[in-house]
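Next come two complexes built around chain A: one with chain B, the other with chain C.
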Partner chain A sequence: MEKISQSVVKKDHLPKITGRSCYVGDYVGDILVGKMLRSKYARAKVLSVKVPELPEGYYYVDRNDVPGDNNVNIVMDDTPVYAREIVEYIGEPIAMVCGPDEAVVKEILSKIEVEYEELEPLLDLRLATEAHFDYEYGKGDLEKAFAEADKVYVEEFETGYQDQAYIECQGMMAEPEADGRMFVHGSMQCAYYVHGAVARVLGCGPSGVHVLQDVTGGGFGGKEAFPSILGSQVAVAAKKAGKAVRCIFDRDEDLEFSSKRHPSLNTYKIAVKDGKITAMDIDVKFNGGAYTTLSAVVLQRGIIAASGVYNVPNLHVRGRALKTNSTPSGAYRGFGAPQTFFSVEMFMNHIAQDLGIDSIDFKLANVVKQGDGTSTSGIYHFPVPLVDMLNEVDAKTDLFKKHKEYSKPQTGRYRKGIGMSWYFHGAGFTGSGERDHIKAVAKLHKYPDGSVEVLACNGEIGQGLRTTFPKIVAHELNIPLEKVYYDHPDTARVPDSGPTVASRSLMVVGELLRRAAIKLRDVWVDGEDQIVTENFKEPDFMIPFYIDKFQGDAYPTYAWAVNAIEVEVDTYTGVTKIVNATGNFDVGTPIDWNIVMGQMEGGFLQGIGYTSTEKIYYDNKGRMRNTTFSDYLIPTSKDVVDLNCMLHVEKYPNGPYGAKGAGELPLVGAPGAFVEAVEMALGAGHKINHMPFNAEEVIKELSKEV
Partner chain B sequence: MDAIKFVLNGVEVAYEGSATDRLLDVLRDTYGTKSVKCGCKEGECGACSVLIDGTLINSCCVAMGAVDGCSIVTVEGFRETERFAALEKAFAGISAVQCGFCIPGMILAAEALLSKNPHPTTDEIREGLSGNLCRCTGYNAIVSAINTAAKEGNGLW
Partner chain C sequence: MVNGYAPKCLQEALEIRAAHDVVPYAGGTDLMVENRPNVTYLFLNKIPELKQVVVDDNYIRIGSGVTFTEAIANENVPQLMKEAISRIAACAIRNAGTFGGNLGNGSAKADSVLIEFVSGAKLRLLSVKGERIVDVEKFYLGRKKLDLGSDEIIAEVLLPKTGLENYYYEKVGGRNALAISRVSFAGVFEEKDGKIVNIAAAFGAVADTVLRYRDIEAMLIGKTIEEAKAMKAEYIQAYSDRMVLTRGRVSAEYRKTVCMNLLGEFLSKFGI
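Presenting the complex of A and B:
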């Protein structure tokens, strides 16, 4: 193993395990508790709000208290801080009540009378027509390919919501400072996103705000944009009260009203000639919910991945994020790609069944290799290791043999299946985002005592940045790891190195830090205080990407994965037991073996949860029905066997020591592998094209006549 | 009404508040034992786990009246022990701590398990942790760390 991959004790290990780390809920002092007044209807006009007389020290805060713009800057600016006249989803925050005693705050909330005029909500994605975003791209001659095909297949796939279910709920706090600045801190991924949003809402300019990321109890995308909204809400409240205000969500509130993964409805039409796919015509619909939040970028990633890891010479993709009167959907690890990879992988299986061949052989006949064109007419510049990785998975699991064996008719109560999916995750921001929008800057500050501080804004959310960033710097400077440290970022003192998203932090910012360390090494003078700065540079091999046409290299490189999941389905109860879950992941050089394995295992299990037990139910009014961990079921330690994760290393020359994006990859492919396995166990004739697929779904499927 | 007397991390305390107050809130707000985390307030996630007379219990589901005469241990107390040191070392060795929010509860779950069963199988460890949700790790590293602690800390439990 390379030295940089050797594991170290994580820098935040000791404070966390001893319980000394300070999360946003752990601050003490004179802090007002904020709680939301939320809409009861999915769509309604708010005619009046009657607030009872408030005891001294208690405040009612709504849109009239916003000093600047009542719109939260995310990608667009349509998400209100506090609701406008029309509320657009159940739970939309109309106002916040804050004060010293939580019980009194709750009592006040219960006495507020809101008069609504109910309006007809749009709750069904199938009926939605208003597009937040509508994209289209393609290549080749679709018409010709379909006309010349041996066979044309059409199928629709549906995927559900998924909640990030970080164990620490959303929580933000704002404190007015003596110098007039607003100090906003809490549980978040992207300090500068919050900074920009709050400055706009307070109308104070960037210097009037600073934002600190507190120790954060998990994010997974759920704390990418949402803290900009909650941060704006507490900042407005703190401004009004002139005191610190903290709002921490209850679990049911978090499950119901914070952003979740987009449900999707994807229709595929595929042409096959001589055992090869010649064309795909794909229509992707994502349920964006009431406001746009991050739907644009989630959808972009989803549709770029829509044709999977296959060579498709003739391609047309249309993708829409549609408005419904539901909680706005948002970022979740994988960012649109799990939905489309599930669809394309299942469709490949179904076509292979019709052609009478093993789906693994059919996939092998169509898989991309280095030098092939991507969906957006870019190029896979670097080796595509999927076939080697598949063979490695076979060596561990006996996949090829079992795949054929379990496909034969089975009888008896317990039936077996094994599924395989393979896929990529584009490393870093989509398209020219890094070059045009992010323009990351990172710095190193060397102090006279020889210690070096990393100055960047990427948040430690469990993925290990407080350890891996210093590891890179210490390695390059050849100094002990203890001499290099990285604190939680405060925008008052660190540059904007871009958001903690898109599996970009280690690959992009880590490389900036590596280069900064080389610079520092060259100018190092003992005993002096020195700062070096490094700016993002676009790799020179990239084919420029045009987002208006979806043409060019959408990503500089890709992380790759092959998953195999073996199951045993109890046909009496519908319960599916996972016998083996194997994931082979190529994220380039692991900067720390344990940290990367922890990411792979954790992400893989989230993917398994997504596709098996994590189903969200809504009633016909648009209210989420299962808002506790008793009925929204994320995997427990007892639900799974040991996950079998392996690393296959294809180095990326522009990442630090060959590292590529890692965090999101392991989640993306579990649905394709799991659902194929369940389908196989249920036997020929059962064609599954939706997920999550829990015990209830198995029973429904078994009750169908086949 | 008499104060509610109990032992917190080896120290006798008397709680003057209501018997209906929630143990989780009292531990965090009155006694400042902030290692006890609130993840759901409904007894599902285990982040607020404490040991009450050696049994692992979600403190969010306990009214103060129920702890009269009990001995309660949180990580603030447990971290001073050799057993904690063995678990801490094992967790460090495999980087089993990610976001950290579930970890104090996990550590106490491990202590509760190993106290009853010093040499658990993997399945028994998974059973022992099944009331404590972790969303980061996929559990592999935590299970493995407890296995290691049980072996390396042989005799401590």
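Presenting the complex of A and C:
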């Protein structure tokens, strides 16, 4: 193992394990408690709100109190801070009541009378027609390929919601400062996103605000954009009250009203000639919910991955994020790709079955290699290690033999299956975002005592940045790790190194820091106070990406993975036991072995939860029914006892020491492997094209005549 | 601040229970989560009389304050009961959760209560006025409805000493730990001199209360295995006709299919 990969004790280990870390809920003092007045209907006109007389020190805050613009800047600006006249989903915040005593705040809320005029909501993705975003791209000659095909297949795939289920619920706080600035802090991934949003809402300009990321108990994407909304809401309340206001969601509130993974409905049409895929025509629909929030970028990643890891010469993809009257969907680890990878992987299995060949062989015959074109007519510039990784998985699990054996007819109560999926995760922001929008800047501040502070804004959310950033810098400067530190970012004192998203922080910002460290090493003078700055530069080899045409290199490089999941299905109860789950992940050089393995195991398990137990139930009014963790079931360690992760290292020359994006990769492919395994266990003829696929789905499927 | 009484002995607990409007609190694994406002608790977890497992001539008597972890480690607790309670939630909950609490919660999903139903257990209820022994089937009146006086506490579960050796048990939860039952099944079987002397089946988590039908069971009592085999289809059909299941987080259809599958498996296991 390389020295940089050797594990160290995480810098935030001791404060977290001893309970000294300060989360947003831990601040004490003169802080008002904020609670939301939420819409009861999925779509309605708010005719009037009758607020009872408020006791001294209590405030009612709604859109009329917004000093600037009542729109939260995310990608677009359509998400209101507080609801406009028409509420668009159940739970949309109409107003906030805040005051010193939570019980009194709740009592006031219970006494507020809202008069609504109910409007017909749109809850079903299948009926949705209004597109937040509608993209289309392709290459080759689709018509010709379909005309010349041996066989053409069509199938529709459906995926469900998933909640991020971080340990710490959404929570933000705003404090007016003596100098007139608004200090906003809390649980978040992207301090500068919150900064920009709050400045606009308060109408005060960027210098009127600063934002600090408090210690954050998990994000997984769920704290990418949502804190911009909640941060704006508390900032408006703090402005009105002239006092600190804090709003922390209860668990049921968080499960129901914060953003979740987009459900999807994907129709695939595939042409096959001589055992090879010659064309794909793909229609992707994501349920965006009531407002656009992050749907544009989630959809982009989803449709770029829609053709999987296969070489498809003729391709057409249309993707839409559609409006429904439900909680706006948002970012969650994988960011649109898990939906389409599930679809394409399952479809490859179904086509192979029809062709009478083992699906692994069919996939091998079509897999991309270095130098092949990407879906967006870019190039896979670096080696594609999938075949080697597949062989490594086989060596560990006996995949090839079991795959054939379990495909034979089975009888008896318990039946076995094994599934395989392989996939990539485009490392970093999609397209030219890094170059055109983010323009990351990172700094190192060397103090006279020889200690070095990392100045960047990427948030520690458990993925280890407070440790791995300093590790890179200490390594390059050849000084002890104790001499380098990285605190939670405050926008008042750190540059904008970009958001903590897209598995980009370590690969992109980590590389900036490595280069900054080299610079600092060259100019280092003992005893002096020195600052060095490094700016993002796009690698030379990139084919420029045009988002209007979806043409060019969507990502500089890719992280790769192969998953195999073996199951035993109880045909009497529908319960699926995961006998073994093996994930082989290529994230380039691991900057810290333990941190990366923690990421891989956790993400893989989240992916398994996504496809098996994590189902959200709604009533016919659009109200979520399972709003507790005893009812929204994330997997426990007892659900996947034999979880194996391994690393295959294909270095990326432009990442620090060969590292590339790691965070999201492990979640993305579990559904394809799990559902294939279940399908195999149920026997030939059963075609599964939706998930999550839980025990009830197994029994339902078994009752079908095949 | 939690308001409550923490009596040191049973008599004191009964007096408080009679004199005040209190919620009996044993392990607190449900009550802590509920966190009801303005409630006065009667803490029963420090009362030695409720924390014993004793065997007398007829019964294995499990104190209502005995935790699941304690019961799993106790040699007198029948294996069937151990199997069911070892599937409850997770270690931390089993360390605190009790038999009394599982009953007092009034849920058809309670894993220990299913075993009490199938074994025909009785409950010993106490108040300042004296004791009452009731069949668990009569104690459970419906969802959250119990035949428990406002002055009474659940003191003991009385399990029959014999007859639980041959059993079949399954719990179907949404996941492998920290899972509330979605369907649970327990069956016990006893044969003597070539004839069935007891065949009991109980279904948990599928309706407002645990389901057990003694009249259907009676169809097979006194029959030989061969006779029972011949009646198997009719027997299963009788259950299927009787069981009107409700929808929960899973559909009534799913519950029904699983119940019938497990009933059939129970019969097969004992040669029927």
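As a working rule, the second predicted complex is superposed on the first by the 705 of 706 C-alpha atoms of A that agree within 3 Å, B and C clash if a C-alpha of one lies under 4 Å from a C-alpha of the other, contacts with A are read in each partner's own complex, and residues count from 1 in each chain.
The rule we apply is simple: contacts are C-beta pairs under 8 Å (C-beta built on N, C-alpha and C of every residue); 3 or more make two chains touch, one makes a residue touch a chain.
Note that the structure is predicted; figures quoted are calculated from it, not measured.
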First, second, both or neither for A:I357, with chain B first and chain C second: neither
More chain A residues in contact [chain B versus chain C]: B
Which superposed partner A:S703 touches (first chain B, second chain C, both, neither): second
First, second, both or neither for A:K638, with chain B first and chain C second: both
First (chain B), second (chain C), both or neither touched by A:T613: second
Contacts of A:L54 with chain B and chain C, given as first, second, both or neither: neither
Partner chain in contact with A:T573 - chain B first, chain C second, else both or neither: second
Partner chain in contact with A:A695 - chain B first, chain C second, else both or neither: second
Which superposed partner A:S630 touches (first chain B, second chain C, both, neither): both
Partner chain in contact with A:I17 - chain B first, chain C second, else both or neither: first
Set of chain A residues, in rising order, touched by both chain B and chain C: 630, 635-638
Of chain A, residues touching chain B in the complex: 7, 9-10, 12-14, 16-23, 25-26, 28, 164-169, 215-220, 250-251, 461-464, 592, 594-595, 597-598, 601-606, 628-630, 634-638, 640, 642-643, 645
Touching residues on chain B, where the partner in the complex is chain A: 32-42, 44-45, 47, 74-76, 79, 88, 91-104, 107, 122, 125-127, 129-143
Chain A to chain C touching residues, read off their complex: 413, 572-575, 613, 617, 625-626, 630-631, 633, 635-639, 694-696, 699-700, 703
Residue numbers on chain C that touch chain A, as the complex places them: 90, 170, 172, 174-180, 182-183, 249-251, 254, 257-258, 261-262, 265
